[in-house]
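The block underneath contains the structure these notes are about, expressed in structure tokens.
The first chain written gets the first letter, and so on, giving A, B, C and D; residue counts start at 1 in each chain.
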Amino acid sequence: MSRTFPERAFAAASDLGEKPREECGVFGVVGHPEAAWITYQGLFALQHRGQESAGIVSSDGRSFYQHRGMGLVGTVFRGGNLEHLRGHLAVGHNRYSTAGSSTLQNAQPFVAQYARGPIAVAHNGNFVNAFQLRRKMESEGQIFVTTSDTEVFAHLIGASPARSLEDRIVDALREIRGAYSLLCMSPRLLVAVRDPSGFRPLWMGQLEGAILFASETCALDAVDATIEREVEPGEMVLVSLSEGGPQVHSFRLPLFERRAHCIFELLYLARADSVVFGESVALKRLAFGRQLAREAPAEADLVTGIPDSANMAALGYAQESGIPFQFALARNQYVGRTFIEPQQRMREKQVGMKLNPIRDVVAGRRIVLVDDSLMRGTTMRKLVKRIRNAGATEVHVRIAAPPTRYPCFYGVDFPTKTELIASDHTLEEIRRYIRADSLGYLSIQGMLTCVKEPATYCTACFSGRYPLEFEGQDIQQLSFDFSHNRDRN
Amino acid sequence: MSRTFPERAFAAASDLGEKPREECGVFGVVGHPEAAWITYQGLFALQHRGQESAGIVSSDGRSFYQHRGMGLVGTVFRGGNLEHLRGHLAVGHNRYSTAGSSTLQNAQPFVAQYARGPIAVAHNGNFVNAFQLRRKMESEGQIFVTTSDTEVFAHLIGASPARSLEDRIVDALREIRGAYSLLCMSPRLLVAVRDPSGFRPLWMGQLEGAILFASETCALDAVDATIEREVEPGEMVLVSLSEGGPQVHSFRLPLFERRAHCIFELLYLARADSVVFGESVALKRLAFGRQLAREAPAEADLVTGIPDSANMAALGYAQESGIPFQFALARNQYVGRTFIEPQQRMREKQVGMKLNPIRDVVAGRRIVLVDDSLMRGTTMRKLVKRIRNAGATEVHVRIAAPPTRYPCFYGVDFPTKTELIASDHTLEEIRRYIRADSLGYLSIQGMLTCVKEPATYCTACFSGRYPLEFEGQDIQQLSFDFSHNRDRN
Amino acid sequence: MSRTFPERAFAAASDLGEKPREECGVFGVVGHPEAAWITYQGLFALQHRGQESAGIVSSDGRSFYQHRGMGLVGTVFRGGNLEHLRGHLAVGHNRYSTAGSSTLQNAQPFVAQYARGPIAVAHNGNFVNAFQLRRKMESEGQIFVTTSDTEVFAHLIGASPARSLEDRIVDALREIRGAYSLLCMSPRLLVAVRDPSGFRPLWMGQLEGAILFASETCALDAVDATIEREVEPGEMVLVSLSEGGPQVHSFRLPLFERRAHCIFELLYLARADSVVFGESVALKRLAFGRQLAREAPAEADLVTGIPDSANMAALGYAQESGIPFQFALARNQYVGRTFIEPQQRMREKQVGMKLNPIRDVVAGRRIVLVDDSLMRGTTMRKLVKRIRNAGATEVHVRIAAPPTRYPCFYGVDFPTKTELIASDHTLEEIRRYIRADSLGYLSIQGMLTCVKEPATYCTACFSGRYPLEFEGQDIQQLSFDFSHNRDRN
Amino acid sequence: MSRTFPERAFAAASDLGEKPREECGVFGVVGHPEAAWITYQGLFALQHRGQESAGIVSSDGRSFYQHRGMGLVGTVFRGGNLEHLRGHLAVGHNRYSTAGSSTLQNAQPFVAQYARGPIAVAHNGNFVNAFQLRRKMESEGQIFVTTSDTEVFAHLIGASPARSLEDRIVDALREIRGAYSLLCMSPRLLVAVRDPSGFRPLWMGQLEGAILFASETCALDAVDATIEREVEPGEMVLVSLSEGGPQVHSFRLPLFERRAHCIFELLYLARADSVVFGESVALKRLAFGRQLAREAPAEADLVTGIPDSANMAALGYAQESGIPFQFALARNQYVGRTFIEPQQRMREKQVGMKLNPIRDVVAGRRIVLVDDSLMRGTTMRKLVKRIRNAGATEVHVRIAAPPTRYPCFYGVDFPTKTELIASDHTLEEIRRYIRADSLGYLSIQGMLTCVKEPATYCTACFSGRYPLEFEGQDIQQLSFDFSHNRDRN
């Protein structure tokens, strides 16, 4: 049963950047002598899914070895930190999170000891009833050391009366609702689970006899693994390490929800070279761009996309419209987490530090500028101005997605509703704000015509129709309560 | 009821350095606008009680602010880390621990959220039944994220059915046995507790209207506080922050054990300028040295002590024996944690890096060399050789403590029994091993004649008579199980 | 007078990566209260010109303030290092250098004190007679602390009998031959100089009354400055800071050489949005691609470029050939200096970490793969294989530049001649090595038809015709001698 | 010829801490496979001679390998920095310097390349005519990159017309006047030189066939080397590395000055276990204390010294006076460079962080408090107050040195004359300022009776009689001019 999210919940969301950001990428290896190294490489390829912290836990069949840190994968594992992560099993995690809780404590994989030994959990997604579960556990005497819902899941595993880890996981998942692609590791076992709705992607691969799991196929490509298949929605895959190599067993979770793949993975989150939900991300973006050209045509001299993520959609728009594609914006490849922004005055200039119009390309031209989403509109507003300053005569903004009006509760970190410009402004108001000559979005309907199975997607951020029941106060109260604990480790 | 510790437990202890090391120092402040700063200074003065990690948690009455790190206090709080620790309450902790678990996860204060909000716990001591409690909790479904017994305590607080923090603490302490000086902080309350035996010291002071707690008086002196009194064995002091300033309430715990002050605090652990258990540490060491001179006289030209800790005892020996006191060993003040020891070959030389005999003082002389303890004997063996090489004609080693034969389970980290040279060697064997011309120890009886109330002390490490019942397998199993989880954060 | 570079010199060049790399970017500000901040931003936009070290020296009219470090601009100036760089003048520098001398000592700007005070020099280019000059100075008694030719220049300034800095600079430049865009700063004066051949670009801009200099226009754009003009080949611009603001004076150096703009700036080095030598870099790359399509056509289903630098040329090829342009390779934006490469085995995989073919785009297709240069061919060989593995039926490699056969002595860091695959292999041999179905280069002639003034360009790396006389043994001996001094600061 | 230092020069000295600090310690090794490791250990033992920066340069006979950094030896060479310092020769340096020039640039050894190859110079001392020489060289066209006089020396070596390094060194030393113990290394040769006056100590030792040099014998002891002899004043020792091992040649410099050993080495600078100028430092301090007791007796209950440096003198005072020696002050061994001092308010407390009176020792007692020097008096003033607060009835301050009234120009970094309390205050004024019950100094005459050859000592800081001619404006102008160049590397 789905329902519209109550208005009051919006106020609790934190102040965010212009673009939506997913919370996580996960990677796991069973049965490889360089498990941690491969996990490191896999996380590197999944860096776009989370840049705040990274961590790897490995196992040599008896002990866990772990390292976690704030920052990019390459930074966290600098200086020999990988060499200590011994063993043939490993799970890794990239994390993005909101400011208040972006602390080392929350860095994953989460490691705990329960009655049957140590366990490591790497989680991509969001449990919608984590808050209620946590409150209930607290009232029953449990204590919590992080603000992440992954700890709630670990508590449920610990509390299960079952003996085996897999049964405990099933018990835990019976309690939980939400979006998740989970990797759970005990010293000799890796368990991969994907929620019944299939919100987030999760893939399985093989490399030199080892079994691998990754959020996206691009990570399996990066380590030269063979891509096997997607873990099915509602599937649990157990891989144990025996002497003959990894043993794989697959189970169906006794949980049922309608499919609800996150369409934002196709639009923006996943890397272009990945396949998710059985679709080529690159080709879908091309198709979104083509459909956009049909729905929102423009008279112009050239089409360009905001690099790199909107390039494919821009090319599709160009192909369908017949207007030539051009590279009209140069991107500073080095802008990233290292750029210091000490003062508001500097922040103002940051668009210019990232993107610069190529004067001789845009001067005297009418431009179609394609982007893959429009959240607050402030960056676009500055960019349109810069393009005009560089001599463009007209700037027609086209968004290769529908207007983003609602927050996500399944693991994507959007600006709040009040910050989402499309939540309470008309098309014309937005156009005027960003100072474009015209503005066009893709329709939800049009977007869905581009995918093979439209009914299997979640479009809540566009439509407000949330596929999974949840308690509205979760997010709000969670973020309030846990803010008591501000860590700077 | 006391009993001798079973032999098999000794095997589990880890490989340690030459000297015993205490686990912790604690410091707390209620009601000062610079609470974290004062705590930082207090921890600095308690640095000798733990050098592996340090941490401070502060509270502004609503939120916690925390920072923890590996290393010395000055290193952990370098670079502005203190400035973020806002509020009028703070607790801090210095930690020493054995190699296996010396990880950031175990750094204290331990912070968790339970049903009634966040709590921070700083703990000096050791719970002797922590292992059983943890096993029981795990079997009931609880999970653990550290290997420290402080987490067990936090779980007990969470699990208590009582409403107030103080009642929950009492409930928790009913379950626990052992040595502890604890500081527990909630957003507006600091609770200080000392175990009924009074194993570890804990002091109370005042500074500019604020209430302070510290493991030793030297930390109160360091911040120019007024020393109020020792927290009594079995006492719980509550300090809440009201508008009129800190409110202090004292309670007696409903727990009873005979007094068992750690005599090692007087012999070695506490700083010379502290007062612990109502005794001046400096004057006791002088007295131990005098008593040693009576029990183990020597014919010699000069008396010297191993700097800095044995200086007082050496002076006492000199005063009583009439043999002149001299400074015969120069100490490199910079040797500490920063010295790299990359190869065994270098390690061999480390005695020379630390201590160097003053040739013109020792040459041609008969030396009485006083130390405050003798654990393995390997360092002493090297030192005696160096002193002879510098020209001393005789070296008479005198230890201002009885032979250390048994491990401590109340918070002091000794070498294992098999490594304690006195556990299975005669006086003559030890003398021959360290190549001294003669060797003398203080007797237990003689040591106790130097203190005001001999019956109130624990001498288990010398006598094997453990004042507090405990389960022998604790340490062994604990260290085994938790070694599954090796962290390098 | 130009001549061919002697063969034996090639042996001395160091082992380098696949791509040519320029040595430096420079940036300068006179007359702005946030001079260092603006310089920092400018260097950020010039990061592509050098990633090994960065530095800024500022002046408040009396004292210099400086900070230099190894790594990217954002890393070097992390943590408040900028705040100490006071004053209204600043010069900054990004550096790339070969392995042997990539040390902090060599990081620029180079600061020294001569008879008339301190001076800071930031240098982009290469003096071809630096070695002879240095040897001569050494034989006359001078000492050197770096291995960079910038120090030679500073020595010449110090040794000049002239009084004013500008006259000393002219004296120094009379001694020197080579490629240079130099910024020299004394406490109240900034002098910008460009060599008479105009090898390297150098631009002048204005911002809020301040005068700015930058290697490329993209850096002026990044700080929202107005682009004024290129500093002319053989021009010296003096900007002094008076009370009324910066005073600008321009002089013509009494040195004459024929124009020899580095064509590699257009092909590869400069950022696409920059204008250099009066040409739009982006449009030139488009034109090179078009010309390439004319000279080396292919039968194929799609054209793609190696991102980001070859995208423009690929688009030009597509436009001219009528074969559709596509994005066929996904780039990991996070691959950079942070990726650990601990073992050869990992290094092998690095192509896969950087670039991944988009399976559904290339499968079953005949691909034209456009790159902007081909040095050793090893990376291309791996990439072609990956594209075939992803299902491409044919891979036609097209290089939007002529074959690179000769090293550069004017500031671009190429592989050695023996490593340049085109230096001693035929087209067919190269094609077979990289396993392409066909291979085509742009002709020198064809390349030059794309620019406005073909005669003003240096094409030495393609033709071996070096526009400026130099002593062949320079590079060889220099790199040999200075290798005595290996620093790890 | 000696003369009194002109008053105006005092104004230029920089603001310093309470205690005098020497500039440097040097260490060198020829002919050992672990030359850099041994040098590291030697520098560790010489850490008390300089804590601001440290550096080692090694040579494998062809190339130099070097690492320098700010901070303590253990910090600078953390993390594998030593492993790259290959070869059988090494020179190392600890540096202390005044605030303005405490930069990485000035960290030694100074490395430069001159006509005959690379050279490394480690220098302990001060050239009194460095400023004039530098001005002259600058006017002749030379440039300088540091503010240290070591660079002046390197320039002189470069400028010498001689062929061999040793002849060049002699040429350089002919130009220079001052205090120096120098180690100069070329790829296969180490040259040790001590100035004709013998201001600073320099020792020679042997270890496993290798020749070692060190500022003090304690460093030779620390590496278990055999102490050979002092390098003589005016002696130059050449050690070259041939196949048969190190070859030693000794020469007498053609320079003549009267002996002028720095008496401050005995009083304060050298470590107690060192022998310098043929005297045991420990025994001299004992003798100074005894003489002090004769010259400035007191009626008191106990004698104590400020740890650690004044302990020996206090013991001597006690022995001579018959008043019992006691340890009355506890020192926090961890106070050092890591203590953060963010605000003035905290700085006020720092005496309390370092030293704490032992209440039960001092209460009700009359104390003789012995220190080894009194510079500004501010620390002593606070300490006397703390001792009184701890209950002492009388505090009699005794300084085991004469009043320090004049700055040092031979390598010891004193407070300025205006800050030296004894320079313009009477004994009674000082006593009142520090709030002591009585105050006594050692007389210059009395001090000199304690050493074997009184005529060979420099007592300029007490008497104002400078043994070596120098130009008064040196220091002043030097520190002014070079302040143009403030580096934060």
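To be clear about the criterion, a residue touches a chain if its C-beta (ideal position, glycine included) is under 8 Å from a C-beta of that chain, and two chains touch if they have at least 3 such contacts.
Note that this is a predicted model, so its numbers are computed, not measured.
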item: Set of chains adjacent to chain B and to chain D; value: none
item: Chain whose Cα centroid lies at the greatest distance from that of chain A; value: D
item: Intercentroid distance (Cα basis), chain D paired with chain C, Å; value: 47
item: Cα-centroid distance, chain A relative to chain D, in whole angstrom; value: 60
item: Whole-Å gap separating chain A and chain C, where each centre is the average of the chain's CA atoms; value: 37
item: Where chain B touches two or more other chains at once, by residue number; value: none
item: Topology of the chain contact graph, where touching chains are joined (line, ring, star, complete, other); value: ring
item: In the complex with chain B, residue positions of chain D that touch it; value: 37, 40-41, 44-45, 47-48, 51, 72-75, 77-78, 82-83, 218, 221-224, 271-273, 275, 280, 282-283, 307-308, 311-312, 315, 319, 324-327, 329-340, 342, 346, 349, 352-353, 356-361
item: Parts of chain C lying in touch with chain D, wherever the complex brings them together; value: 62-69, 81, 84, 104, 111-115, 117-118, 138-139, 141-145, 154-155, 157-160, 187, 481-489
